[in-house]
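A, B, C and D are the chain letters, set down in written order, and residue numbers restart from 1 in every chain.
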Amino acid sequence: MTVILEALRYLGYVLVFPGFLFCFLAGMLLCGIDRKLVAKMQKRVGPPILQPFYDFFKLCGKETIVPAAAERISFMLAPLLGLAALVVIQLFIPVFSFTAFYGMADIIVILYLLLIPAISIIMGGAASGSPYAGVGLSREMVTIISCELPLVLVLLAVAKTVGSAMGTGLCFSLSDIAEYQEINGSLITRISMLPAAAAMLLVIPGETGSHPFDTAEAETEICEGLLAEYSGAALGVFKLSHAVKMLTLSSLFAALFLGGLGTGILVLDALLLFLLCAGITAVSISLVHAVTARLKIEQIFKFYWTVVSLPALLSLVLAWYGL
Amino acid sequence: MNLLGNVLSYQHFPIYAIMVLFMGSFLIAAFGENRRVRNILALLSITASLIFSLLLINPVILRGEIIGYWMGARSIAGGYAIGIALEVDALSLFFALLAACAIFVSGVYSIQYMSRDDNEKEYYTLYLLLCGGVMGMVLSGDLFNMFIMVEILTFAAVALTAFRNTARGAVEAAFKYLVVGCMGSTFILVGTAMLYAQTHTLNLAQLAQLVPGNMNTATKAAFALLFVGFGTKAFIVPFHPLAADAHGAAPASVSVIISGVLTKSGIYGIIRITYFLFQSMGLGTMQFLLVFIGSVSMFVCVTMALAQHDFKRLLAFHSISQIGYVLTAVGLCTALGLSAGLYHAINHTLFKGLLFLAAGAVLHETGTTDLNKLGGLARKMPHTTVLFLIGALSISGVPPFNGFASKWLIYQATYQKAVESGNIGFLLVTVIALITSVLTLASFVKVSHSVFFGQLPPELEKVKEVSWGMRFAMGIFALLCIVTGLFPNLVTTYLTEPAAAAAFSVQRYIEAMGFDGSAAVEILAGSFRYAGVWEPVSWLLVLCIALLAVTIAALAGRYDNVSLCRTAAGDSKYQLFYGGEEQSFSQLGGDDMFWGFKHNWRGYFSFMHRLHSGIVNDYALWAVADLALVMLFSLIVL
Amino acid sequence: MDFPFIKEAISQLFSKSSCAMYPAVPSEAAPGYRGRIVYHPELCIACGMCERVCSGNAISRSVEHLEDGRDKITLTFNLGSCTFCATCADFCTKHAIEFTGDYHMVATKEEDLLVRGSFIKAAPKKKAPAAAKPENCSAQVQTEASGVKPREDGKPVNDQSRCVYCTLCAKKCPAEALTVDRTAKTWTLDEDKCVSCGTCAQVCPKNCIIMG
Amino acid sequence: MFKKLIEESTGRSPWLFHINAGSCNGCDIELVSVLTPRYDAERLGFKLAGSPRHADIVVVTGPVTKQSLPRVLRTISQVPEPRCIVTMGSCPQSGNVFRGSYSVAGPLSKYVPVDVDVAGCAPKPEAVIDGLALAAKILKEKRGRMK
């Protein structure tokens, strides 16, 4: 009996709270808030907050065309796989003191799991056979390479800071990082972590592929790149994945740097997490979107490996010497 | 009955495992005219070798014995070993198992893969010689025998590289390999001779007993000679261009052996000399040497791979890049590091074998491995595509495949080493390893797009899926990739940790052969705890549940309401969007796919381009220069 | 990399948007905007000038012969073919064509974009009783009509019996050699200015200018 | 309920794909100006899509020249159902001043059923918004008729 209850509880985690339903609602709302904020910053009225929901449901009602040249199974499976992988990452990211799946994955795993949605979109695009997707694929991959270095440095800096504070030398476990922050306050209050937090804020738009780092999906030059041949429900799932990715990365940021703010009540924590995510999105995605123009792909690479990596490296060195 | 029991004692299994391969080789040379006889002989010998290796797991790994085996009842006279000895500890057996597995799968694959070539008899003779050489080298307890086996495998590998000598560049590649490979063998021979002059013995155990206490200029020079000699066999930087040429030319089944097994034997040699013979791994400088060469191999080769446009050459460079991971982890000299490195060695053999076989399948069906001429094969060769993707995701370290499990350990090991030693340099190694991993992913995205996805060139319309035998061979590797990825604890507990522990118990190694091991320099392995957690099975379970949930939700939302092209004639609705133009063949070339990345590194790439001149004289010079540097280094630090 | 607009972006976050909330708040077209055509058939004399000058072939005229002998003339303006250049309105001497500021020209059917107007032209009937009184008169007219001879120097001659004094020839004359007074019904040619280009004859809707 | 949700959403998020079939660029500029902060069609859910596969509404400008005709038809056929075709400006409806030219194959309605005509040369952005809103309504009706 207890086994069944336990199984149901975990099923509930996957389907409802940090999992599927939460990801869907929170991610879509986050996306809507982002669009609204960008519009506001550009002196526009902007779409209603619920616009991403409208877009998603509309796409569900459209015809899904599979091109004759496409590899059908990969083409249809890729969106689902990407979404599922993202939902699973969300399960591993602690919501303050609460972690749905405790002791299953650490930050290195998260780093690699974040590649799976990117790989799935790349596979889907490549399977469509479109030449636009080929160009998009090349750019998407370079964007991933670009983001990887600063992200790695940020994660290592956090691991070192928490590890040396806990006396184990280094700590990769996200729930341990959350626990540490519960006791000692948020990491962002430490001076050595400030550059890393700034770098992470700039990594988020690159990882989600939002403006100005959206060369891979540049709709005006390469017809949305990897998504060029997607239509209907499959496209809707990709749009949903994009929204969930925003949620995932911003809640990763919250888990890494803004831990220890939780109230201990799960519902309030979830709400607080969502608000924090909205704040992080507003700064790192919306603001950057509103004030920049799309970069060229080699500029993205240069930007991430210099401008963003340097503060992250600084943070790592500071953490190394125990500041 | 007693005799039979004696013959079937596990003490004899190591020599059986070696000899069946050599016997198979000689028998095929003698009676291999008939195709069926030849295949049966080859299969029998590789299967027997695999079985003998597997049977050794119980005593050596589970019970922790070290088998010291003297051939011809000769052993120790006057305090010096004079017989031919085999010594099998967990480390040797680890590499032997790896070799036996790869040999078995590649042998099964060969039967159909090579069926279109003539001179199959010679192929199998050389192939089994190569396998026997590898097996003999890792199980040998004698430095000179190691040299002999290295010679056998080098010459067999050279001959097999030139096997398809009608192909462009095959003879040239073989010649390069011959020149530099012979230099490497010579280094090993000279090193062996110098050690013999100093210690009057060739037995590994006795050398391990005598050498560390009697270090002088000659033994230091011998170290450098042996190190560089085995380095040549492992193709670590600066010998990597040879691997690229050799893999590009050799048949895929041979590439599997060269990259999966031959390079490992080089790594095995390096471990033997650094951990056992000279017991110098405790020195920070020696760790620096290994980690430095490992990291440079890792990074240089992955960037070189990004610039390739030939499937097999690209794989060859990746092969060295992964060997760089192994060497780096081995060079850390911690229990975690060595275990991680050996884990990665297993994984490298599996996924690189799988990838080479997939490349071979593509070559077998299309006749080319040029990335710019291929494309869209996923619709023609679906199984090969899936198998290739498993290999590609494994090598890129995507969870839950095996590459991730070992890389995860390597990152922890390097980082932990950095924290323990307080040396920020090791941290740089962690970062390099992580970046290398994502660059690996990039180049496999390139391959999968250029070969399996994208558009099918019109001239490849008639391509068919490869035969079941070849798919079966690839399937074994793919299955092993998944299994070793899903159960990392089993692999570490039953394979890598015993092997790593063996590397740290030199004293037992010496004593197993009947020598006095009390003088051995014990390197403290140190205990470790994982800094993070990774549960692949539970993760996969959660992913499956999530995927199921997403799929059900999607199907409820009419996700299956797709419209497919029903007519044979080109309905414009189902054509690709070409900005309104009619669909025509257009495939992004694999050559310069990531120019956004390469553009920023153009200085580096043009430097690399000039460096890899393809002239064998240059490569020979590199070998000599490398030897000089390592010798200088070892003279100073040892 | 710097973000030069970051201050503006943040300040605009709290300021009012610059949107014209169009469907909710109706918006007037700017003065002089040329939108939907309004046609006043009661003013039209069916001279056909508009049809002739229209570059987009948007104007068509159909004539329906009524039972009482009169003609019902219908002018159709196809807004879907119109370039809104307003040349027709310019040329219309009767000001029967008007361009309004109404820009809501959205239709699901082509019909909805047609502006129609018709009037009954009594002109032939009017002439018939006038011709009936003196019988020879009509013959005279006819001989007059045929009697107008082209001038030998190639300059235009006006058949005043048919002229409606629409002044188009005067407007079109590149040399400004023609003066037409509509009230006095006079047509005069300044022979010194005339260059005999033939434009007046070409544009005349009634074909009453005869060139040599 | 799901079907109702879809139907409700269809009218609220029409994505446009713009085809220039030989236009003089007047209408193109007006169409883009609809998306500027001044008119901001995004507040009604309109968005310019990059690929016909993503689009709901195809906006055609220009008199449909002989060169562009097959491309226009091919691109329109690649738009998934339900779709709506809007002609913008006089050119695609009639050929306008280009009518009768050797290179003009229009009007568009000869080849595909056109749902909404927006007249004007070029139409005012408000008129474009009117037209697109009408198209979105038609889209919703079409969606309701599906299945």
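The rule is simple: a residue touches a chain if its C-beta (ideal position, glycine included) is under 8 Å from a C-beta of that chain, and two chains touch if they have at least 3 such contacts.
None of these values were measured; they are calculated from a predicted model.
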Worksheet item: Closest chain to the protein CA centroid?
Response: A
Fill in: Chain pair with more C-beta contacts, B-D versus A-C
A-C
Item to complete: Between subunit A and subunit C, tell me the centre distance in angstrom, where each centre is the average of that chain's C-alpha atoms.
Response: 65
Discussion item. As a quick test, compute the distance in whole Å between the mean CA positions of subunit B and subunit D.
Written reply: 58
Fill in: Approximate Å spacing (C-alpha centroids) for the pair subunit B, subunit C
88
Worksheet item: Could you state the distance in Å from the CA-based centre of subunit A to that of subunit D?
Response: 35
Worksheet item: Multi-chain contacts in subunit A: which residues touch at least two other chains?
Response: 39, 42-45, 60-61, 63-65, 132, 223, 228-229, 232
Practice prompt. Name the residues of subunit D that each touch 2 or more other chains.
Written response: 2, 37, 40, 43-44, 51, 53, 78, 80
Response to the item:
Among subunit B residues, those touching two or more other chains are 557, 563, 571, 573, 575, 577, 579
Item to complete: State which pairs of chains touch, listing all of them.
Response: A-B, A-C, A-D, B-D, C-D
Worksheet item: Mind pulling up the subunit D residues that touch subunit B in the complex?
Response: 2, 19, 51-53, 68, 70-75, 77-78, 80
Response to the item:
Within their complex, subunit C touches subunit D through residues 17-20, 22-23, 27, 29, 33, 35, 55-58, 78-84, 103-108, 110, 112-113
Discussion item. Going by the contact rule set out above, which residues of subunit C touch subunit A in the complex?
Written reply: 1, 3-6, 8-10, 12-13, 15, 17-19, 21
Response to the item:
Within their complex, subunit B touches subunit A through residues 376, 378-379, 382, 389, 393, 396-399, 404, 408, 411-412, 415-416, 419-420, 424, 427, 430-431, 434-435, 438-439, 441-442, 445-446, 448-449, 453-456, 529, 531-535, 538-539, 542-543, 545-547, 549-551, 553-554, 557-559, 561-565, 570-571, 573-579, 583, 586-588, 593-597, 599-600
Response to the item:
Per the touch rule, the subunit A residues reaching subunit D in their complex are 35, 39, 42-48, 51, 53-58, 60-65, 132, 217-220, 222-224, 227-232, 235
